[in-house]
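Order of writing sets the chain letters: A, B, C and D. Residues in each chain are counted from 1.
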Amino acid sequence: MLIRSEFEIEFDLPQAVAMIGLLRLHPSLDDAIRGAEALHVEHIDGETVSPVQAGDYVDSFGNRCTRFLAPQGRLRLSGNSLVERDAFADPIATEARQHQIEELPTEVLQFLLSSRYCQVDSLSLVAGDLFGHTTPGWARAIWIRDWVHNHVRFDYASARPTKTALDVFTERVGVCRDFQHLAITFTRAMNIPARYVTGYLGDIRRPGSGPGDFSAWYEVFLDGQWWAMDARHNDGRMGRVLMAVGRDATDVAITTSFGVANLKKFVVESFEVDATGSKVPLPPKV
Amino acid sequence: MLIRSEFEIEFDLPQAVAMIGLLRLHPSLDDAIRGAEALHVEHIDGETVSPVQAGDYVDSFGNRCTRFLAPQGRLRLSGNSLVERDAFADPIATEARQHQIEELPTEVLQFLLSSRYCQVDSLSLVAGDLFGHTTPGWARAIWIRDWVHNHVRFDYASARPTKTALDVFTERVGVCRDFQHLAITFTRAMNIPARYVTGYLGDIRRPGSGPGDFSAWYEVFLDGQWWAMDARHNDGRMGRVLMAVGRDATDVAITTSFGVANLKKFVVESFEVDATGSKVPLPPKV
Amino acid sequence: MLIRSEFEIEFDLPQAVAMIGLLRLHPSLDDAIRGAEALHVEHIDGETVSPVQAGDYVDSFGNRCTRFLAPQGRLRLSGNSLVERDAFADPIATEARQHQIEELPTEVLQFLLSSRYCQVDSLSLVAGDLFGHTTPGWARAIWIRDWVHNHVRFDYASARPTKTALDVFTERVGVCRDFQHLAITFTRAMNIPARYVTGYLGDIRRPGSGPGDFSAWYEVFLDGQWWAMDARHNDGRMGRVLMAVGRDATDVAITTSFGVANLKKFVVESFEVDATGSKVPLPPKV
Amino acid sequence: MLIRSEFEIEFDLPQAVAMIGLLRLHPSLDDAIRGAEALHVEHIDGETVSPVQAGDYVDSFGNRCTRFLAPQGRLRLSGNSLVERDAFADPIATEARQHQIEELPTEVLQFLLSSRYCQVDSLSLVAGDLFGHTTPGWARAIWIRDWVHNHVRFDYASARPTKTALDVFTERVGVCRDFQHLAITFTRAMNIPARYVTGYLGDIRRPGSGPGDFSAWYEVFLDGQWWAMDARHNDGRMGRVLMAVGRDATDVAITTSFGVANLKKFVVESFEVDATGSKVPLPPKV
């Protein structure tokens, strides 16, 4: 299955500002790329479009980051990619066993720790109450994911930049990232490594659900590998396209601006295409 | 100047527990090591002492970590090192300039972000009020360090594992790590990278101040290098011996136990020795 | 000057629910009432409107409260009042002195304490930093009010029910009640009693500013009396009509529902009328 | 049964400071008083003891408060009382039914609201999860009390002045007041009025447990009356002597100082006496 993803973001910058973008695909997808995977950073002045000099680097999580000094005025970030993905929904691995801490790969250990939005230390006793009775491994990971899905309500208006897993636990309302932060925190508290993911998650082979956005989900480490989990959409989605992983949303902000940047345009799309590059139509809503 | 550091820690473990220790010296000190730099992980059963199998690894911050599965019963962690250090107090670099974000080494950028105990997002506007008028660079870093030193009171009884920089800012009382967390948060908020450090900081060429402990300080990145700062002891100490660096105390816990571990003994010492290995006497208190 | 105030609120109730309303004028206005001051609690079933039995009582703050059990279905709360108010803007009393604690009327002392949204204990040291240098009395109260006004930005979208003064201090954005909570907290921390107020604040003798709402402000106790302060609108408004006072928004919620109540209609208006009852036109925007 | 209670508290005051004390017995005990119920406020200067002028008043909760301006130097607060109490443990009223909100006495309604340390708004959904399945009334109140008792650990070292019910819920450790704050919050969230109480709770007809202190417990309103509950000591104590009630610890601080007051002495005792005034010996520890 071929997935094409595109975005176009524009900011107005009252003055020059340094920015970091995590807008490329994750290096783990390199073998799946079937067309240009490009990012354009451009300054727009009326009709004139000029490229902004940008440098790529890989951060400590293995994400492909882009840094640039955007000049005063209108900034456009755009990109697109074509990748091949299995035409399967998120795998179900009921036998995936939970590792003992001492046998985990060392690079995975950091995903057991507390982070800005995932206060494992504060929620570990609550997690024990709620999930201590569950079977270690896949069943436990699913139980946590579903608990969060069933106890938290989605509401765009409830988003705020400083919202933590503890806030989500008490307020029970949030956006994508909030669902994942709470699930990650509980998962780590039960000694299963969990990391935060951003990427594309379009409406693929399912009825359209409105304008696209970047999406957040998370991954748990069981039986020697990372498995995609999504406490918001826990219905077995297909077509996830990974952009970046980190401890939580802090590490993988789509763009970080070290100064004022006023968002003016934001369009994201991710959809299946056929071999000719044409968009595959979506099934109707029932 | 030769610094000898030693520690001995014992835990009672009601059952086997996986542990991670950051008890070695930081690799950046490798050239300064003048004697064995060793860590012993041992199980004690009455008179019998048997080694516990432990594996070393380097984490994403470059710290030398040790992981092991400690058996039920008494666990002893001990170690010592001998390093050569300059006989100078913490350097003062009044001309050290602040980098523009876009010119910072990319591996340093993560030390501008929020972390578990350093909520840059929550305290950035407060930081602007307090430090916006200061001169960028060294002067700003010092102003922040001294502000924290002068507004926070030390009290061992005020320690708690979940205390954040915001808590320190409102409560104005804390232990070593709390001073550093607040200073780090303000420093990052002013766009100067700052990282948390643990290590040995004995009473070196100064009157004794009581039983030793591991210490925490922080480093700021100015003019192309990291500089030691200490919002608790901001009087120009010498003899800092670096063990680990990270975003905050989460990353560099001396020991992390994935289960119950009851502390039974805790002795840490760091002191100057002469060429024969004898302890250099401390000056008297005036 | 005559002020007419009116409101109409409707809820859909999936099942019967007990409610408390603070929708009447404050008893301190009794002498100023120039027409019926009425509250209607009604159940609406298609064309049929039937009164809901409601009981009035006065709470410990002297507010006129109304309690009722609203039946399942559509509930309408409506009311209106006509009061005479001085045609002056909020008084300015530059000589109003600050009382020593020991000379304050005892019923005023409670307004020095911490409350749900006004954590005096957490913000007292911050208040000392910010306002310790100001002159006690009126000048200090104004300094606090203006500091909050100038450091907090209004944004309807930033409202949330659990937002505290400390949140407002760090986030620097809020709605009416948030401005007042932060100002109240700082004022109390400087030993000036401050209480939260709800009431009508229409566009009176000033250009219209859009649809009406209930408003929140606060009062400080100086020189033997309470003075109106408004950290959001600190430009000397006239025509405030007091409904209820309390420690903070907890005490004076317009309506408190002990069960689900979905808001369906919300219209509030407060305006000047002439002796014939006709609305006095507003001046144009310049 | 006759209970004699005594206390002696001393402060050093670097300068004159206004103070409020809630150190008298609650007026509801007036009929039970069998001897002087006295409070002495005294300034001590070497051998000279002089009374400090103090005024009594009753606050909005009906508590007997004392206010005074203590001069610079040593301040002594002392008092004692003799009251008759039933020789029964805390009553058990398994049939006590929960009121509908609309039938509660209006003066009780305030004890359903959030307060400084009891964030009903933040914990109401958690309460629903934990206690939604319980039977309304006495059974529910007991379930909450016991849940808190069983999930929170007592530790004097964990006390801090700003600790809230939410903190207790996540940290699971606290002192008297913390246990009660969490239980009060959950109880209110389940629509049962609950208020915070301070008083004497000596070792009466039970083995001694060490030096005395003032104690905190709480009361729930069921079946037309207030019932004592104690989430810390939930083993049916006798000899509770009520001093003050309020929404939470904010309202009933034993002493509130509006300035620096350094505690120098603190002795509290409450014990049974026989008709001759002699202390009744305690049973031995088994």
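Criterion: contacts are C-beta pairs under 8 Å (C-beta built on N, C-alpha and C of every residue); 3 or more make two chains touch, one makes a residue touch a chain.
Quick caveat, the model's predicted, so the values are computed rather than measured.
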Margin query: For the two copies chain A and chain B, what rotation in degrees overlays their C-alpha atoms? Round to the nearest 5.
Written below: 180
Check: Which chain has its C-alpha centre farthest away from the C-alpha centre of chain B?
Finding: C
Margin query: Measuring centre to centre with CA averages, how many angstrom lie between chain C and chain D?
Written below: 32
Item checked: Whole-Å gap between the CA centroids of chain B and chain C -> 49
Next item on the list: Calculate how many whole Å lie between the centre of chain B and the centre of chain D, each centre taken as the average of the chain's C-alpha atoms.
Entry: 42
Margin query: By the touch rule stated above, which residues of chain C touch at least two different other chains?
Written below: 122, 162, 170-171
Next item on the list: Spell out the part of chain D that touches chain C in their complex, as residue ranges.
Entry: 18, 20, 55, 57, 59-61, 65, 67-69, 100-102, 106-107, 109-110, 112-116, 119, 121-122, 161-162, 191, 250-251, 256, 258
Checklist line | In the complex with chain D, residue positions of chain A that touch it | finding: 122-123, 125-126, 129, 151, 166, 169-172
Check: So in the complex, which bits of chain D are touching chain B?
Finding: 157-158, 160, 162, 170-171
